[in-house]
Amino acid sequence: MERTDTADGPSKVMSMKEAVAAFVHDGATVSIEGFTHLVPTAAGHEIIRQGRKDLTVVRMTADIVVDQMIAAGCVSRLVSSFVGNSSAGSLGELRRRIERADPAPLAFEEYSHYGMVCRYLAGSQRLPFYPLRSYGGSDLPGVNSDLRKVTSPYPGPDGEPEQIYVVPPVNPDVTIIHAQRADRRGNIQIWGLTGIQAEAVYAADKAVVVVEEIVEDEVVRSDPNRTLVPSHAVDAVVVCPRGAHPSFAQGYYDRDNDFYRAWSHISKDPERLRAWLAEWVYGTADHAEYVDKLGEDFWAGLAVGEALSEPVNYGRRL
Amino acid sequence: MERTDTADGPSKVMSMKEAVAAFVHDGATVSIEGFTHLVPTAAGHEIIRQGRKDLTVVRMTADIVVDQMIAAGCVSRLVSSFVGNSSAGSLGELRRRIERADPAPLAFEEYSHYGMVCRYLAGSQRLPFYPLRSYGGSDLPGVNSDLRKVTSPYPGPDGEPEQIYVVPPVNPDVTIIHAQRADRRGNIQIWGLTGIQAEAVYAADKAVVVVEEIVEDEVVRSDPNRTLVPSHAVDAVVVCPRGAHPSFAQGYYDRDNDFYRAWSHISKDPERLRAWLAEWVYGTADHAEYVDKLGEDFWAGLAVGEALSEPVNYGRRL
Amino acid sequence: MTITAPGTVTSSELLSVVASRELASRRTVFAGIGLPTLATELARLTVAPRIEVVYESGVCGAHPSHLPETIADAVIVSGAEAVLSMPALFGCVLQGGHIDVGFLGAAQIDRWGNLNTSVIGDWENPTVRLPGSGGAIEVMANSREVFVVMRRHNPRSFTGTLDFCTTPGPDRALAEGIRPLGAGVTRVITELGILARVGVGEELRLVAVHPGVTAHQVREATGWDLRVADTVETVPPPSEAELRLLREDVDPDRVYLR
Amino acid sequence: MTITAPGTVTSSELLSVVASRELASRRTVFAGIGLPTLATELARLTVAPRIEVVYESGVCGAHPSHLPETIADAVIVSGAEAVLSMPALFGCVLQGGHIDVGFLGAAQIDRWGNLNTSVIGDWENPTVRLPGSGGAIEVMANSREVFVVMRRHNPRSFTGTLDFCTTPGPDRALAEGIRPLGAGVTRVITELGILARVGVGEELRLVAVHPGVTAHQVREATGWDLRVADTVETVPPPSEAELRLLREDVDPDRVYLR
């Protein structure tokens, strides 16, 4: 693997196995972000393979990979703003845990999307809280005591003191995201939906970025505005093509909508779910095996076309 | 001019004269942003030509164009975090106003850069305040009563209540920025230094964007992540090539560092400053004349090379 | 896929057409996937040619080649006018006050347009754990008005008392001293008719019924003592033109026209 | 442009070389233009090969073809590793705690490393209006430590009482109950020598002088009763290697080596 150090600093490229072993510890708070696009599924599977326990998972849209990690016994607490299988149905394991503590309870902290966004903003900016114009009148503050209020020191529109809800920062031990490409030192480029990934990385103590491909420094530096996360915020770069499946990577492969629909059925039946994990996660040594097992015909069905961005000129004085 | 409406909505393209007449009114609060890069100088000159009065100018780096607008009698109040001629010297008119009320006083609200950034963040997000970890121990809150404190509702690192400074939102009547390119409906693309322009636009009631060029819709849509401001936030698009001079536009022309150095001398002498305005602003009908007057040899000296971004693939399923 | 006999109008078609009409003169819509997609795309072809859909995923000014399957589908990204980060989308666009109409769904709605998408039963020990807010709390608090499209109109969904209020309308917010931007839910479109309210302090009222439906039927299907407008209109059935556009141009593959 | 006789070291060269040495083992530097640029670029070639300069304008990992003339020069953008918005730069990178060393200048500095860049005289009616904070307040509050490079060392600049405290060190912040991230000013490098302090509660002390300068001279040039370290080192003069790199590789056109 590209382990060679570069002229400007050490390579951060490592294998998924190494990255999970080094940065995801039992009991840790792990943020896994990617809003439908670029979900770091392969990283979640490696966490399952390595048998991590007692994780607090922070994820806006807790979806299939979270359901799998819960089913594998990795997760004791979930912080999220949407616990569902996209628009394709339910997360069977998550519902059994929350509705019936079957086979074990799951602690759940419920937010709204922007509440989660603001927690990452506060975390990344080292703020004690972040204000937002939501939650007034909601029952959520009654079940989540971290939703609190502050009185603005400036008068409101009617001249009276104005109250606003705030959320606390989240500072995960490690954030894991998936990206299209990076250089060896961890300058990360993402296009299409960029979600909350940059803030989730900056909020974390450590950051692992899984990428579709490593590119030469010159490619990254030809378009510095495309760098969503600079290398100083990244600790590991893992090359893992198709590592976002069943999610998608714009320009690389499409979303596997069939699998999202299938998951509602798989996860509804604990036996079937266990069999799925046994075959596709425990039964594969790594994501490359998982990709091979799906087969080239399968991947051809998720192929994407070409829609190249027009270049812009970063030229400077002669 | 490209006034034709497009299939998806009305063209917002208008002349600088029309845009300033329509959106910059006497007594208004006008935000002019662009951090060294893409300073909307030509818009400032048109405000001078139209003789606007009593403006509150909000600008992080109050530099040459602000000194010129003050000298032309357009400005009664300045909100800023850096009042200097870059690293090239002083702003003569601004200093005379503040140091000696000569020929008239200038009200000044002093912030730090991040204080201004946070005012725009609050303004753009419709927040009553924005917190930041600055100002503790500074004399600025003593001369700027809008710098206030809030107690966090979460305990600090030592378990005790934690105080933090906040700034109020700024919501200008109009924000003016300069950009490299846009489509006719006002989807704005900027690369290189992007500063605080997006937030300054979203914070404002109206937004005027001056561009180097109008491009076809397909160019913008080939790279939607490059759109810094979507059309729904823009009210006027003004085509004005070289309208950022003496500032620069990455990929279009370089900064005129000689003029920055010259300005310290020009502005030091009120007579010379008046003569400069008479010749270069009042003496030109519009920015096209100003550009012609400088001459092609001059512009050749600010020419830039080519450094094209590598394309990325936005392809979707087949 | 439902095979639709000519002349038969499915519930999805009916709801999409009626919702599309309500978008007349609206500029910016925050829409999820499914019926809101159909309603918005049909409105673009009929009553609101310059409507802009803003997606929770960050896409503004989408020009999709296919009907999107999720709010984050690659087909709404390719060729879009802008793709924003989530802080920009939720902070500047939504909370910044740029959305005219937000579309929301819910498991339960009450007479004030407050919504439950969290749990059936008690939050600590729910009978059914629902997905939660997503961005609904923010859409309600920050859009000028909110449209709710509900396939089923029955007393369990239209309830006197929510099991849990995930997403409060402005009345609940104001009771707590928080001032939301918009009017809250102004239209509820169901298989039986249309409920409406103008804003703060007003309950939802029955303002229109589909042909053949009576006000009495709607009141029976509603879990609270539903007020009825002085004049209850009859909703004009989908026109041939509307149905043709919907079936042939908007969703020819019947992705959402179930 | 100054023509430098061989063997003569200009004040800019001296300050750049001394400042560059202090960057040993540092990773991220927030630098303005001028002497900090020279110091950082020289450090990259000597004691800190992997140093990253972060510019206030948003550039991270610059690879300039020419020595930049401003912190926003196009030459630091072309070929950079990342260009961030100002909210990201100030919020995530600086306030987020990613900066090891910030470089600052000032018109006045006091014994605690508090800085004035606002006014000489009274703020309301100043004798001289200075540019103000720029990002200095944030650099001081959020960098792990701050280096100050001052060409002139005299009692007007090194003052017992600031005319105005624009940029407070952590002692002033803590007195107000605000806890800054870093240590404040830890090094002041001047034409006479080096003042240093470790952190909260400690005054600047003279720790080193340039060859031929006495502690007494420095105390005379300082507007407060300057403390002197038990052992005052003599700063080793710029080596031939350092000067050659500075003159031939870092600033061959003598843009800042005035």
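By written order: A, B, C and D. Residues from 1 in each chain.
By our rule, a residue touches a chain if its C-beta (ideal position, glycine included) is under 8 Å from a C-beta of that chain, and two chains touch if they have at least 3 such contacts.
The model shown is predicted, which means the values in this text are computed figures rather than measured ones.
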| item | value |
| --- | --- |
| Minimum number of chain-to-chain touching steps separating chain C from chain D | 2 |
| Chain pair with the higher count of C-beta pairs in contact (B-D, B-C) | B-D |
| Centre distance in Å when chain A and chain B are each reduced to the mean of their C-alpha atoms | 36 |
| Whole-Å gap between the CA centroids of chain A and chain D | 39 |
| CA centroid of chain B to CA centroid of chain D, Å | 28 |
| Residues of chain C touching at least two other chains | 59, 73-74, 77-79, 83, 91, 95, 142, 181 |
| Residues of chain A whose C-beta touches two or more other chains | 121, 126-127, 132-133, 156, 162, 164, 191-192, 194, 198-199, 222, 225, 250, 254, 304, 307, 314-317 |
| Complete list of chain pairs which touch one another | A-B, A-C, A-D, B-C, B-D |
| Contact footprint of chain A on chain C as seen in their complex | 32-34, 56-59, 69-74, 77-79, 83, 85-87, 90-91, 94-95, 114, 118, 123-138, 141-142, 164-181 |
| Parts of chain A lying in touch with chain B, wherever the complex brings them together | 126-133, 146, 148-154, 156, 162, 164, 166, 168, 180, 189, 191-192, 194, 219, 222-223, 225-226, 250-252, 254, 302-318 |
| Touching residues (chain side chain A, partner chain C) in the complex | 35-37, 61, 80-84, 86-87, 94-95, 98-99, 110-115, 117, 121, 132-140, 143, 156-157, 162-165, 191-196, 198-199, 248, 250, 254-255, 257, 304, 307 |
| Interface residues, chain C side, partner chain B - complex | 27-28, 50, 52, 54, 59-61, 63, 65-66, 73-75, 77-84, 88, 91-93, 95-98, 142, 181 |
| Residues of chain A defined as touching chain D within the complex | 8-10, 121, 124-127, 183, 187, 198-199, 202, 217, 220-222, 224-225, 227, 229-233, 314-317 |
